[in-house]
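Think of it as A, B, C and D in the order they're written, each chain with its own count starting at 1.
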Amino acid sequence: MPDFARQAKLLLLFSRGLLRRWGIRSIPPETFTTTLLIGSVVTLTLLWPSGPASCQSPPADISEQPSLHETTGEKSEEGDAPPLAEEITLLSAQEVIARDAPSDEGGAIVVTWIEPEGAEELGARGLKYEVLRSESPEGEFEVVGELEAGQNEFLDMGLVDGQAYFYRIRSVLGSHRAESAQTEAAFSQGNWFRRYRLNTLVLVIVFSSLVLYYIARARRAKRVYIRKIAGLNAVDEAVGRATEMGKKILYIPGIMSMDEMQTIASLAILGHVARLSATYNADLEVPNKDPLTFAAARETVKEAYLEAGRPDLYREEIVNYVTYDQFAYTASVTGKMVRERPATNFLIGSFYAESLLLAETGQTCGAIQISGTAEVHQLPFFVVACDYTLIGEELYAASAYLSREPVLLGSIKGQDITKFLLIIALCLGVVFESLGLGFIKTAFRMQ
Amino acid sequence: MRKQIPLLLTFLAGTIPIFAFFVPERHVGLVSTGLDSWLIIVYGFALLLGVVNVVQMNTNKIKRRASGWPYSIVLLAGLVIMGSFGLLGSFDVFGGIATRPDGSSTPFNWLYTNAFLPLQGTMFALLAFFMASASYRAFRARNVEATILLIAALIVMFGRIPFGEMVSKWFPIVTEWIMGKPNMAAQRGIMIGAALGAASMALRVILGIERSYLGIGKGE
Amino acid sequence: MNLDRLMQIDRRIIYLFVAAGTILPIIFLLGLPVSTTPPVRMAFERIENQLEKGDVVLVSFDYGPSSAPENDPMADAILRHCFAKGIKVVVIALYPLGGLSEAIEELNKVAAEFPELEYGVDYVNLGYKDGAQAAMRKMNESFKEVFPLDVNGTPFDEIPMMRDIENYGDVKLVATLATGIIGEWWANLVNAQFGLPVIVGPTAVSAPKYYAYLEARQMVGLLGGLKGASEYERLVMDKYPRLAELYATPGLYTATKGMDVQSIVHLIMIAFILFGNLVYFTQKRKPRAAK
Amino acid sequence: MPGLGTWLAAFFTLCMLSFLYKDNPFFRVAESFFAGLSLGYYIGIVANQTLKPNLVLPLIQDFSANWNLVFAGGLGLMLYFRYIKKVAWVSRWALAVYVGYYVGVNMMQKLHGEVIPQVGDTMLSLSYSGIDTLWNVVMVAGVLSVLVYFYFSAEHKGAVGGISRLGIWFLMVSFGAAFGYTVMGRISLLIGRMVFLVNEWARPLIEAVI
């Protein structure tokens, strides 16, 4: 027990050390413990056996199997196999092995075997394999699956973890039957790693370490160079223009919710724009389509005014909610553009069909427009109708670019190095693929 | 503490799906999908946040007799009518919100068909006009880039209509090629870049480096 | 000078052209030439040459109002073709967002053009069923279990023509007018597993992915978007004078008209773009000449 | 004579179209009504399709099996703490969990579902005979040059500058082509509205009047 306590304390210290590295300077121990407590309560409630997600019902899986058996069984009766010669030696399958199916959540066993000699020839005459299963070595075996000749693997699903299962493979050809030896007891279990996602794991580790490494490096005051991004250079000027003209700045953070990365990127830019607006005392408005984005945008703008030292200028109306329908929202915002003629429009975030409706109306109203999205299908419309467009990745780099914070710049650098490695991998992949060696491409196969 | 709990919650919540992505073990999956179904409910609650704001803003406007206040009455009328049909519908008053078993419309459905859909459809249809004016203004051969944009657009527009095919059978073929090769290549490039950018952003959020969305400044 | 003003042409003039280019072809038939392509001819010839009077075709409405301008004319053309040839039609709807209303509207419209045909004998509307894929599987066993009542609430067994129709085996062909994934299921599920020949009429946006199914012979015909529908209209008009007459009715929206709109509006846009560039270059050359 | 529903739909269609000429009271009425109506519509949808089946019914029908949904409801209610000054800061918790979870989901989705397959699919063989090789070269060159365009931490000069310029050209081809390709779909939508106005409203109206 003291051992456990020591480990827990070490873990606590380690996590606090980590957090400090990420810039969270001081965390009172009680806060940390509270959060851990909340976390464990949440985890426990979710883990409760009758949780909302416990909808996997093994019986459903089992019930599907007999029907499979039935249909194939029917076919074999009317099958078009040529009549059997009298002299036939039907051999049983060899080396039948049953083991837990890998990389799954449990409840499945995979059975493999080696086909008997002459299976290919007999396959043409209708050779089939029946997979038999029993819960005890002496117990009754029941058919759980049926496969055509040429196959040598069967995935048995809907099993109970920890229960012993025994398998046999029966070769069937007309009225002939040959049963294989019985397997040893096999148990299904949940696994701890999806092996087929190894390539993603490697990418995640490489990517995260590079990003973290360059963040740490940037902290040690190594300067990071970032190429010019015209759209972002124009931000300050655009806010300044609105101030001079005494007109509104309209900031539209896209139409998606906070589960979309583009929205989060957009709010980071909104923070910057709001700080500038507060400093210059410009008139900012942020109409919203998504209610959660609305809530988050409010926090962002409020904090930005506070940081700029002008909390007195902050009004609740700056960030407002319009409606949840994409086109009703668009109608309202375009109407607002025509009536209030904002000097500057920011259209940054995730947009769909409304992109051109908003951008074109803004254009005809004579506003400077800075847009940004990673939606490939909407980029053409922004490019056509806006003065500046942040294309794809530029949108995500914006918060680093605008704030010039070393930590953020470091993460861009890490991301760039990953990109460099991917370019190398792509070139190598093309070369090897051309030489007829597909192993690099295979490593990138998604499963 | 007020600033740190949210960051820690983000961190904890963010690691769950990443963990579940690699770990097939049933309980891990349960936590992840369970949290997902919770969040759908949380999102349902959020809509009311918007409704509250809309009602507040518009009643204020009407009270202050701000410019355009009569339109606020129209807006609130739409909200109250449709909203109450919808809410009453969830208690099966008026036969719910879809069509009744005999095929007749519930009030909610009638308004949806005869007001909501035409409004939505017309707003969407305005795009055809806007595409015409935007293309007229923007597709000018000002420099190399703009010229490439212009030519690609013209070829594809010709290639999509029978007239283009009559002029030359190559128009549809070249159109398909442009869509399938250079266009596809560029889109892939954008996607790969943007995906890396988004992943890096995600990492920054999980680590609490990017946090302006929570209204937590850098000072702490 | 004047050229400057031309450059800044009021966008409302462009809007006016676009509006006229849309409305006029809907009212007046222009009849721009339509050339037919193999995927559409395959669909037409399948019904024309391989089906006989009295055969049964299943028509599935797998789209809603949002894509009606594209899908409606396809549905109409296929229904008219079947009715003109004396083929019996079973209509169903599997698309949740308005598939049923489209099915009712289009079938009623086309059926009214053939007063000699009788509901329940020559055609029937079985209505909507949710869970498209499950319904499609189940129909292989029994139509009746999936659609116990028709759209009017008549029990399955009391519909005369349904007495002879038990499952896919009694149907010669299915035509699906589709906007989403349901069209693909007809090809890669119903055709692949149950062998029922499939014709798909998808929207233009999703048409490209169906070519793969056509090449793999999982479909016997394809009407891609308005263009495909207008080709089908041309084919039925050439074959059936009665339908040619019908398609000339003034108040009728057809794919041919829709395609006329497409061509004209595209050409208007192209013309404006070219005009804009022409003015731009003339203007750009001027100062140089002055020098 | 067109029915009431058709009249209403036609009225709103015309109001919306009038925006093309200029902003006017008709458009403003339609726009305001649309905003309110659509918000009301989603209240109905959320109440009937999210809160009722996912929260209320499970809690009423079988509380003992679904009691943990109370926490979900509690998390949702936290959003409203912002209206109570003393505990306003708690309203961030729900947002933090929401963002955190989906950020994690997104990170995996982007790396696993986009980066890996898109890079893998671009590994095309350049050793075919004939035109296919050329097209594969176009594809590979396009992806590489666009990726170089997005390389932020190197100056875009010299070779890098040249390649990134090529990337911009690819982007321009793509934008132009995608624009041209979309025109057709948008016109179809307009046709839909115009056919409604002409055939379902104006024609019966004129016929009824004459």
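To be clear about the criterion, a residue touches a chain if its C-beta (ideal position, glycine included) is under 8 Å from a C-beta of that chain, and two chains touch if they have at least 3 such contacts.
Nothing here was measured: the structure is a model prediction, and the numbers come from that model.
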item	value
Chain pair whose interface holds the most contacting C-beta pairs	B-D
Chain whose Cα centroid lies at the greatest distance from that of chain A	C
Distance between the centres, which are taken as Cα means, of chain B and chain A, whole angstrom	18
CA centroid of chain B to CA centroid of chain D, Å	3
Euclidean distance of C-alpha centroids - chain B vs chain C, Å	28
Centroid distance [mean C-alpha coordinates] between chain C and chain A, Å	37
Chain D: positions in contact with at least two other chains	16, 19-20, 28, 30-32, 34-39, 41-42, 68-69, 71, 79, 92, 95, 98-99, 102-103, 105-108, 110-112, 115, 119, 122, 140, 143-144, 147, 150, 171, 174-176, 178-179, 182-184, 187, 189-190, 192
Residues of chain C engaged with two or more neighbouring chains	11, 15, 18-19, 22, 65, 262, 265-266, 269
Multi-partner residues of chain A (each touching 2 or more other chains)	42, 46, 51-52, 197, 200, 204, 207, 258, 261, 264, 292, 295-296, 299, 322-325, 327-328, 331, 364, 376, 379, 381, 383-384, 391-393, 397, 412, 419, 422
Residue ranges of chain D in contact with chain B within the complex	4-6, 8-10, 12-13, 16-17, 19-20, 28-48, 50-52, 54-55, 68-69, 71-73, 75-77, 79-80, 89, 92-108, 110-112, 114-115, 118-119, 121-122, 135, 138-147, 149-150, 167-184, 186-187, 189-190, 192-193, 196
Partner chain A, residues of chain B touching it in the complex	1, 4-5, 7-9, 12, 18, 21-27, 29-31, 33-38, 43, 46-51, 53-54, 57, 116, 119-120, 123-124, 126-127, 130-131, 133-135, 137-139, 149, 187, 190-194, 196-205, 207-210, 212-220
Of all residues in chain B, those that touch chain D in their complex	2, 5-7, 9-18, 21, 34-51, 54, 68, 71-72, 74-87, 89-90, 96-97, 108, 110-129, 131, 135, 139, 144-146, 148-157, 160, 175, 177-179, 181-193, 195-196, 198-199, 202-203, 205-206, 213-216
Chain A-facing residues of chain D, complex	16, 19, 22-23, 27-28, 30-32, 34-39, 41-42, 58, 64-66, 68-69, 71, 79, 82, 91-92, 95, 98-99, 102-103, 105-108, 110-113, 115-117, 119-120, 122-127, 140, 143-144, 147-148, 150-156, 171, 174-176, 178-179, 182
Chain C to chain B touching residues, read off their complex	9, 11, 14-15, 17-19, 22, 32-35, 65-66, 151, 153, 227, 259, 262-263, 265-270, 272-273, 276-277, 280-281
